[in-house]
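Each in structure tokens, the structures are laid out below.
Paired with chain B in one complex and with chain C in the other, chain A is shared by the two complexes that follow.
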Partner chain A sequence: MNRTKRYTVTLLAALALSGLVMAQTTLSLWYHGAGNEVERDIVLQIIGDFNASQDDWRVTLEEFPQIAYNPSVVAAALSGNLPDILDVDGPVMPNWAWAGYMQPLSLSDGALDGFLPSVIGEWQGEVYSVGLWDAAKAIYARRSVLEANDIRIPTLDAPWTFDEFEEILETLQATGEYEYVFDVGMAWTGEWYPYAFSPFLQSFGGDLIDRSTFLTAEGVLNGPEAVAFGNWWQSLFTRGMTPGTSQDDANRETGFIDGRYALQWNGNWAAIPALEAFGDDLLFLPAPDFGHGPKIGGASWQFGVSATSPYPEGANAFIEFALQDEYLAAFSDGIGLVPSTQSAALLTENYGPGGALEVFYELSNQQSQIRPPTPAYVGIALTFEKAMADIANGADVQDTLDAAVDEIERDIANNDGYGF
Partner chain B sequence: MQRIPVKPVPELVRRTIASGRGPGRRGEEVAGLAMAAPAVVLLLAFLILPFVLAFVMSFTNQRLVSPNPTSFVGTRNFVQLLTVRPFLMTPLTDPVTGETLRDATGAPEYPVLRDITRRNPAYPQFDGLRELTSWAIGERRLYLLASDVVFMRALGNTMLFVLVVAPTQATLALLLALMINQPLRGVNIFRTLYFMPVVISIVVVSLLWRFIYSPTGLLNSILTWLSFGNFTPVDWLGNPSTALGAIMAMSIWQAVGFHMVIWLSGLQTIPGVLYEAASVEGASTLQKFRHVTWPGLRNTAVLVLVVITMQAFALFAQIDVMTRGGPRDATQSIVFQAVQRGFERQDIAGGSAISVILFLLVLSVSLLQRYVTRDRVR
Partner chain C sequence: MSARMVRGRNARAGVAWRYVMLTAVALVFVFPVVFMLVSSLKPDLQLLRDTGSLRAFLPVGDISLDNYAKAFQRAPIGRFVYNSVLVTSLTVVFGLFLNSLAGFAFSKLRWRGRSIVLAVVIATLIVPFETIAVPLLMMVNTLPWLGPDGVTFGWLNSYRVQIVPFIADALSIFLFVQFFKDLPDEIIEAARIDGASWWQVYLRVIVPLSGPVFATAAILKFLAMYNMYLWPLMVAQGETYRPVMVGLQYFFQLNVAWGEVMAYLSLITVPVLVFYLLLQRAFIESIAASGVKG
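Let's turn to the complex of A and B:
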């Protein structure tokens, strides 16, 4: 075969191949998990399976590091380059939906049956996003420590009460064996603050915003219940029970595992190293009931369709395809997250009956409350984060919460009510 | 005798010299413009244009993410940032007797400040304001109310930062430069050591210093050891009264090497003969510094001062990495607030307004510095 002939054949072959590919319309998918090999492999597997399962659509993946993901989407929206399918952090979704970045999903009827309520992203009566997993939080504790101090092990049905919890903290502190008795993770600045601490506020009876109007936080974030929460919160630090805002990441990671912290408020993603350290001795306990029921924050990363996608039917088809139990279980096994359905939980290593993390599924199912579904959430989260840090550092509780309310209201007014 | 070869003058140069305005001149202009063009285009695109945009946006309600149309709002952003009003609060009085109401301990009772500043039709001028600070004057209280307390704190902190860092850093850098300007063996090792923090990314340096300042960190360990355990460890970054000082110290340490090098270059332009002459005339070391070194460093001093001041006004990375403005606004800075509002809070207009204020501030301080350090001889 001479050279010209060989080129011709190669060219024809390439044309034929691209012709085959051209029959499928390309859909772009943006994902926030760049750098995580396990996540990447699972996403690529779903994409590969989807592309092979039909001839109309071909999904391609573009990954971003989590820290750069939201700015990238905002920049893409401003320049009109949004992908077809994007993943979005649950509490941020209303902001993007309101801004016109996303369109409501159109999945087939019953596609979301059996899903945890917290993984379904709704705004103004429409479902915009759905998550393949959720994250849950619990108090990490050691059975041996609790038993040595005659502390009752709480259950989902009978969590610690406020008074009981206070007594426990005092008992543990009196032992003198711990640097701090209750670590809440002040080192994790950013979204962790509203995600992890606003459920305490809600359990006290307050909230981040008045969820009946979404226009004001007056009386909710600075009412008597919220002030009671703020006083308790401040007392954790003044009594030396909780590491303050200058805690560093290293202490957050190792403080509980090294036995320097007696109890730790943490997410299920940190469960594996703790299990390796303590095995059967480790307990995941539900949040205390501060008066209005135990609460944890819900909603993690979810998939949605961009408003500018010319092929919403393809994007919806992909999302529906990805919602299969085997993929939910793959994510759960791969990165330790709570699967979105009970049937997927049965397929996982850790969340099935008797699994080490089984309790987290029920925690998510029974106690999780989503962060306020409003476009104002982005600003509320920053305001709340600052208020929590300031109160921990000794600021006047009522003044700080009043200022937070004013700031939230000013932001809402500057945005013409955010669509409410 | 050897003949020195004379090189022929190139045609272009000769013509230029001869005519001053020949056809070559034009070509040169074009060439000059062409060479400047890349820099000019980049400056326009990345410096001038963004600034003009920021200036325009600071008068609008532009948001980063919003379906609402942008509209001009006049000076609203600036009013929201800069409003400060005094308010003299008198104790509550009994409506019948006119006597001051007192609690059980005899202390006078005051109205709740928030009742006055929150939608009170009697005090429209105080609507939405918050307490910046207050003093007691007899039984009355003088409040300073601000509509944006956080920005006011940022403004104050940044000013304080500049006032402390600029002179300290300049002086330390000069001392270091004088020390390493000695013709000693191994002085290059010291030059390298002092310059090292400048080459390391400020983010890395800030992270390291966070560990140094932590309650169980290096600084506390050293102080405890030096005081034989009598020193109570301080949470340097977690305590409102030490946080800004800690960041100042670290910032001075980080950039002192850079200014040392500038001073050094200034020192090395001073001719050695001046020192020799001074020695012959019997001048002491101090006199040599006062009358030879310092006058010789005049221009360098102006440069160092202006550069440090501008860098200090731009305080951001240390804050972002080490404290994020806390604890309790003790380390808020102007640039940190501009970034927080513009990007995190999606309020581009507010962030732009802060940038414009910063620009005017730096501009006026620089003009003032130029005026103060102007050449008085002429």
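Let's turn to the complex of A and C:
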């Protein structure tokens, strides 16, 4: 082949390749996991596989640190620079959908079959987002401690009752061996408060808002059940059973592992360090049943399509592609969270039969209750957080909950009912 | 014992007591930095356990540079520091020039409406940035720019969007006005009689006499810009333009890597310390002269 021919062939090949690349329309994806190498690698793997699997779309990734993510999305929405695909924290999704940042998903029929209900983000009857994982909470305990104090080990089918739980706390406190007997994590301010503590309220029979209308919290956040919860909540602190709002991160992270706390209310993301410390002695126990069933919070980060994306079909194609079991399992193995499907759980190291974290899948499946799917949740979360801290610090329970209800209803009224 | 000896002993005791107090105060300020540096060498669990005792300030236990290595793996620290130093330095340099000229105009030039305009400028000091952040975002999102691609609109994801809006600064102008006001008018009049233009007066007379206020304005501006978080969060959507404070959030995951946080903080503190040490003497002179506190 002479030089001219070689050049011609090379040129044609280059043109063909560039044509191939040109044919792919670029879709931008924003993700909240900057700084987490494992997540980054998995997301990049999914993107790489998707880009190679078809010729129409090419997804590019922009990562944000989690704490900075929501303000960045809001700023982008204000300036008209939203990406095509974005991830969103489950309870925040209705607010973004209502605000016009997101559009409903249009996935194939059956694409979400077998997914945990808590990972499917619905608002106003439409699915806006879907999660590749969920998070779950449990009471961390040590078998040796429970057995030494003749405490029954609860199961998913037979969780501790309210009276039983109270007796257990008193028994453990009477041993005098612990600084605190039940650590709920007051050091973790922010979303942890509504995520972790509103299930207690719901188990007492109250809630953050009346879910039949989503227009009022009257009677559910300040009714007799909610007040009963508030009184119990406050008593945890006045009886010295639970570290208060002055707890720092260091004590939160080491208190249970060092044996200074007997029981700890915690998420599955903290399970591996605890397992390393205690091995088989560690137990993940279901939430107590305070009268209306045991509850834990559900819904973690999920993928959705921005309202302004000119290519929703490409964005939906990517999300559907990402829902494969192998990716759900990869996320679970990588960051320790609950895979969204049972079939993916079977592929994981920890959530399959006999896996160290197997119980979390069923906890998520059986006890999970999503935070109220309303755009008002963003404000409700802040109000509830303040109320929980105030009550823990000794504020009058009824007055505090009444004030919280007023604040929530003011916000809803100021926003014309948030679409309800 | 003579009265002189008693007085001498009392004086020595006074000096000793003063040194004890100064040392105690110095330790209060130094301890957080020591804690940061020492903690950056410890694994997370040990770091957290040590916080309840004096061990928190001592390089004891399992000491290594692992946190630094991991921090560099987790985030492009060099890029963040480069971005911050670039944005901060350019803002400081342009800001010193522009704001000192404004201060000069307000303090030494006679023009109608000067007092009113100065009052308006100073009044902007009480407006929190958060209240103007969104309108500013809308504005910069529509501004034109002439670059290699011709005229484009929208400044998001760039260095200029982090620099230009912060060059003019009411606090710096106020500092310059206060300092320039105390410079004798006779020097300026003499220069004018000798034929100097106003520009020459500023450059040859005012600037050489105003080292301390330039240093003060530079340090205050440097700190404000280096610590900026909300604005870059809103406008720097790509990692390429992110500064150090947004980069700090890379380390706050579900399980916070505290040792890496401390390593990162130690690294990003270096430029601030270097800058302060360079201008330290002039800064202290300025504070001593004007009573301005940072």
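Following the convention adopted for this analysis, the second predicted complex is superposed on the first by the 401 of 420 C-alpha atoms of A that agree within 3 Å, B and C clash if a C-alpha of one lies under 4 Å from a C-alpha of the other, contacts with A are read in each partner's own complex, and residues count from 1 in each chain.
What we mean here is this: a residue touches a chain if its C-beta (ideal position, glycine included) is under 8 Å from a C-beta of that chain, and two chains touch if they have at least 3 such contacts.
Not measured: the values here are computed from a predicted model.
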Where does A:395 make contact in the superposed view: on chain B (first), on chain C (second), on both, or on neither? first
Between chain B (first) and chain C (second), which does A:76 come into contact with in this model arrangement: first, second, both, or neither? second
Scan A:37 for contacts with chain B and chain C and give back first, second, both or neither. second
Which partner chains sit in contact with A:68 here, chain B, chain C, both or neither? Use first/second/both/neither. second
Does the superposition put A:96 against chain B (first), chain C (second), both, or neither? first
Just checking: does A:248 make contact with chain B only, chain C only, both, or neither of them? Give me first, second, both or neither. both
Return first, second, both or neither, reflecting whether A:148 touches chain B, chain C, both chains, or no partner chain. neither
Look at A:174 in the shared chain and tell me whether it touches chain B only, chain C only, both, or neither; answer first, second, both or neither. neither
Where on chain A do chain B and chain C both make contact? 71, 248
Residues of chain A defined as touching chain B within the complex: 71, 74, 77, 95-96, 98-101, 189, 244-246, 248, 378-379, 382, 386, 389-390, 393-395, 399, 402-403, 406, 410-411, 414-416
What part of chain C is in contact with chain A in the complex they form? 44-45, 48-49, 51-52, 73-75, 134, 137-138, 141, 154, 156, 230, 233-235, 237-239, 246-247, 249-256, 258
Contact set on chain A toward chain C in their complex: 34-37, 62-68, 71-72, 75-76, 78-81, 248-250, 253-254, 257-258, 267, 269-270, 273, 335
As the complex stands, chain B meets chain A at residues 61, 63-68, 114, 118, 128, 130-131, 149, 210-211, 213-215, 235-238, 240, 324-329, 340, 343-347
